[in-house]
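Structures incoming, each one as structure tokens.
Two complexes are shown next, each including subunit A; its partner changes from subunit B in the first to subunit C in the second.
This part shows the complex of A and B:
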């Protein structure tokens, strides 16, 4: 990045006023890890948003509210009933990057390989944007396209609201990568609940093997109301294979990723089902 | 150029920096060359320093981001005459070959032990998963670092 100046505001209103005044000339900076991959040489003014008190995880009216500048490492360390984002954080690059990268920075711009959008889609999270008019944007709307569409100059993502898992619900997550710190080649997440022996509700999403993180609604339709089990999961996975165009990367062919998806969809469904039954430790 | 002030190895220091200067470059041009530049994109951990108690890659950190923070580098934790126990353990275990990754390994391990003095093998694996060594194969590094945990010392 070509920063020509930097600002270090210590209050949210101060940061917002700066961003609004500077417009496209300014860019909010938190962990800065993302900027390694952005080859944008446009001169910009960095506005450091890590001193605004937007970090930390707390319970708010039953939900988890995660401050936008909360480090990914804190998501890994946090523990509470119904908290599952530690599993996503655990597969996020490396500890030195987890210590710097923020959860907000991971979702203000999405890439095919972005980890958190996949999980936040299935967890039905909401993004809280503070601006001239504060907004709460549900995950389906937020991730339907590049998130910058939701932001006006001076707007900041300030928190992410995540409903906890409750009894009878389970979460499955898988990130396919060649090395520990590799980009994801295929990410899948599922949240499933079981009611009276049948799938009551299901959200499943894919990332990396698809152009942008997306829900697999054909899999959801195939399973809601059905009796869960390996055969039914495999049938549902087949429906998911037809729903999107699977894309390979880094020498992995489209066909390989498609085959991998058929296996890993079943895996995350199984993980989520076992947890919903109380069988996952 | 703009001035920033932060605590570096226990002393408050001020530096004039360029807005787009990386923290690694600031350290090295200031004579603190113990922090190494490896991959230059946050993947190898050779440039690991501790900022506010957490191990981070200084190659993907901008210098302005450490303003007001507390920073530790390899120079601040020990020297040839008075090495840090982690440095002694690395030398004693033969965990150093070319030595390029060693400062980063030591800093990442120190951040972990400062936070969790009785860290076990799984803790070291997780906390040093961003620190790569191309020489030793990690076994001796693991042995050296583990020997410094309170748990290992209690057993011996």
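This part shows the complex of A and C:
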């Protein structure tokens, strides 16, 4: 990025007004870790949004509300009943990057290997956008395409609302990587609840290994109402393999990623199921 | 020299530069850049093999802020090698500062020196180039095929020393060695193995990339400050490449942020020197990480055929190794690296019938160069995996098989004489070898006794143990030379001037310890300056595991000479004969304990009082032995048999480096080298497209292990005393990198029965092996 100026508003309305006035010439910045991946050399004005009070995690009407400029490191440290995003944060690059990167910055633009969209999809999160017309966008809609489609000049993602896990629910997460700081080669997440011995509800999603983070609805359909177990999970995974086109990266073949997905779908379902049963340590 | 209680040596003292570096004081080339330095940027070839049919630099030259543009049309065309090796170099002369022929994606087209990086980059875009694209050689196997494109078709390319070289067939070097009757040995065997292995590309990845700057002083001399392992070779080769006398070049090496062999090459210095001459301004060139991957140097990838024959009783009857080495677009270090495949690995096991061949070929890919391990890394992978395979065939524990056959103190090997570095080697007997103790200590630490065959293992996650034995060398005997100058100051301190180069290893501290031990003073009294071709004596530089052993002996020699001078003056001051006094704690003391004078008093006396002279001397050293350090490495892995993912659980390295002069630094060398080898085995991989372009030249995609990825690691230093070394020392810096490929490969086999013969050990390869679909071993 080629920044020509740096603005430091201290109020949300001030920041929004600046962004609206400057239009395409301005870019909101917080952790700035995303900029490594942006090759745009057009001169821009950076509008620092870290002084707007948009950070922190709190309970709001039963949900977790995560300020958009909350550092990923804080997600790792936070603890509360039904909180699972620490597991995603733990696999997020390195502590150095976690200290700088914000959760909002991680989802205003998505890459195939983005970590949080996969988890937020299965957690059925909502994105709160403050603009001329404030709105709440559900994860399925928000991540259906590149998120910038949801923003007009002056709009800001201000928070992410995440329903907590409740009794009988479990969460599974796996990020396939070569080293601790690697980009994901395949990310899978699942949220599953068990009612009377059957799968009551299930959201499962994949990232990396696929063009953009996406729900695996065929797996969900195959399992909802079924008795959970290894065999059933494997059958459902097969259904998931046909649903999307799996693709390899970094020297890994498409065939291998497809095979890996079949294994890891079962793994995250098993994790979630064990947690739902209260067996996960 | 006898073993004794040391006062400075063999102690983990604080590194002499520790505080400077910890406090972030300006130390590296980048810290020293003048504010008005012009920035150099290089336009590189987009084609693997092409000829420039036209080039127009006029627009770039006229851009405001641009001071010079260099290309093949306006610089001397002098053939040379980029390999920083002794003269005459064993690497072929096949490189020009600039050429109209492009030999790899990343080859130099034109360089710009401009007032800012942005102007330089804009100027590169203004250079208009047209190419005739030529067919390229992108695989080792294709290089010498009939009709293959000839990469070095220029008339000047030639070998400098009398070794086989056939540029018309893309052959950069060849070496053969046969001892006994190899085929007879194979025929006598009860069991044989015959397999191909492939060692993949790998990069040194120093934290500090290649970086150089230069300026012209008022005497019209070019002063180059550069991150180099070989300041004196650098001076010689730059002078040669520019066609100017050596006396016009001064090379200064400040602190180095890692080299690992990468900086045993003249990669930037010729251009910064030429730019300084052309612009008469300070110039600065620093490689980006992408340039470091593509245009610097790599490990020579090699296809190997290993053959071993053994009797049921464990006797090795034949040992054969054929190496086809990819030297890339130039032949730098190609011959000597492949020689080391034989000379630093095959003597490890006693055998009468030995065959070795090394053939080095040009390709249109990044160039190989010196890299920690230097051929031994490649050959150890093939040999040590094959040793396990033979042991299994004859029903022996691989540890017992190695213990029975490995070389021991008092042994020699005909290979030492037959195979040197580009020429015949030097006879030597092993005078220190504690490999047996290394094996025992390592086996105990890893829990070797619990090892079971893979066929006994069940379940999704299966653990396995593997091992490897290793040797290397300590300097290049009867070729390389080190030297040191030592002089005494008024306060009893000493200036130690070293041509040897500390590239982050701590060798300045180690050499200062040797000086202090010999002089009978404290480490704090030794002021080290290294290296500066105007100020410090000649030393070949830091390579071939030579600094402690070779430069250390030069330091020990000069310190002994200075000690004699101190004793003489001290005795005179005490009115005694030199034989009646000794040195102790920075003083000369009478042996009867009656009188003493401090080093400071001696220095003042010698400078200001009577028969004044500068206490000091210079000493140089060549060595006649290259005593190998030895090591036994052990790995424990866990394989996920559903995905093929390999988790390294524990790694044990037991090493015999003689007396560790600085035990903590020695441990650090082992751990650093092991980590280097682990990441090479597990994740490092050059990916190329079908045009020969590297597609992952950055740490985002080219993955290195970091501390959080490390397994439990245990380093065991097993002491020995090498009588030819300074205070019993041998080398330690390189050997550790050679173990992880075979030890982990053997552990994977022990875990799940999959034998990987090419790296890196990706999950996909293991998965293919588990399904019986491992592809044939070939270059990648």
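Note that in this section the second predicted complex is superposed on the first by the 281 of 281 C-alpha atoms of A that agree within 3 Å, B and C clash if a C-alpha of one lies under 4 Å from a C-alpha of the other, contacts with A are read in each partner's own complex, and residues count from 1 in each chain.
Here, contacts are C-beta pairs under 8 Å (C-beta built on N, C-alpha and C of every residue); 3 or more make two chains touch, one makes a residue touch a chain.
Just so we're clear, the structure is a prediction, and the values are computed from it rather than from any experiment.
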* Structure fact -> Winner on subunit A touched-residue count between subunit B and subunit C: chain B
* To do: Could you tell me if A:46 is touching subunit B, subunit C, both of them or neither one (first, second, both, neither)?
  => first
* To do: Considering only the touch criterion stated at the top, classify A:94 as touching first (subunit B), second (subunit C), both, or neither.
  => both
* subunit B versus subunit C as contact partner of A:180, first or second or both or neither -> both
* Touching partner for A:73 - first (subunit B), second (subunit C), both, neither -> first
* **Partner chain in contact with A:63 - subunit B first, subunit C second, else both or neither** => neither
* Given the touch rule stated above, what does A:260 touch, subunit B (first), subunit C (second), both, or neither? -> second
* **Partner chain(s) touched by A:4 [first = subunit B, second = subunit C, both, neither]** => first
* Share the list of subunit A residues that count as touching for subunit B in one structure and for subunit C in the other. => 94, 180-181
* Asked: Which bits of subunit A are touching subunit B when the two form their complex?
  -> 1-6, 8, 29, 32-33, 35-36, 45-46, 48, 50-51, 71, 73, 90, 93-97, 99-100, 180-181
* **Residues of subunit B touching subunit A in the complex** => 2, 19-20, 41-43, 45, 48, 54-57, 60-62, 64-65, 67-68, 108, 126-131
* To do: Note which residues of subunit C are touching subunit A in the complex, please.
  => 642-643, 682-683, 685, 687, 696, 700-701, 703-706, 708-709, 762-764, 767
* Asked: How about subunit A: which of its residues touch subunit C in the complex?
  -> 94, 178-183, 250-253, 256, 259-260, 263-264
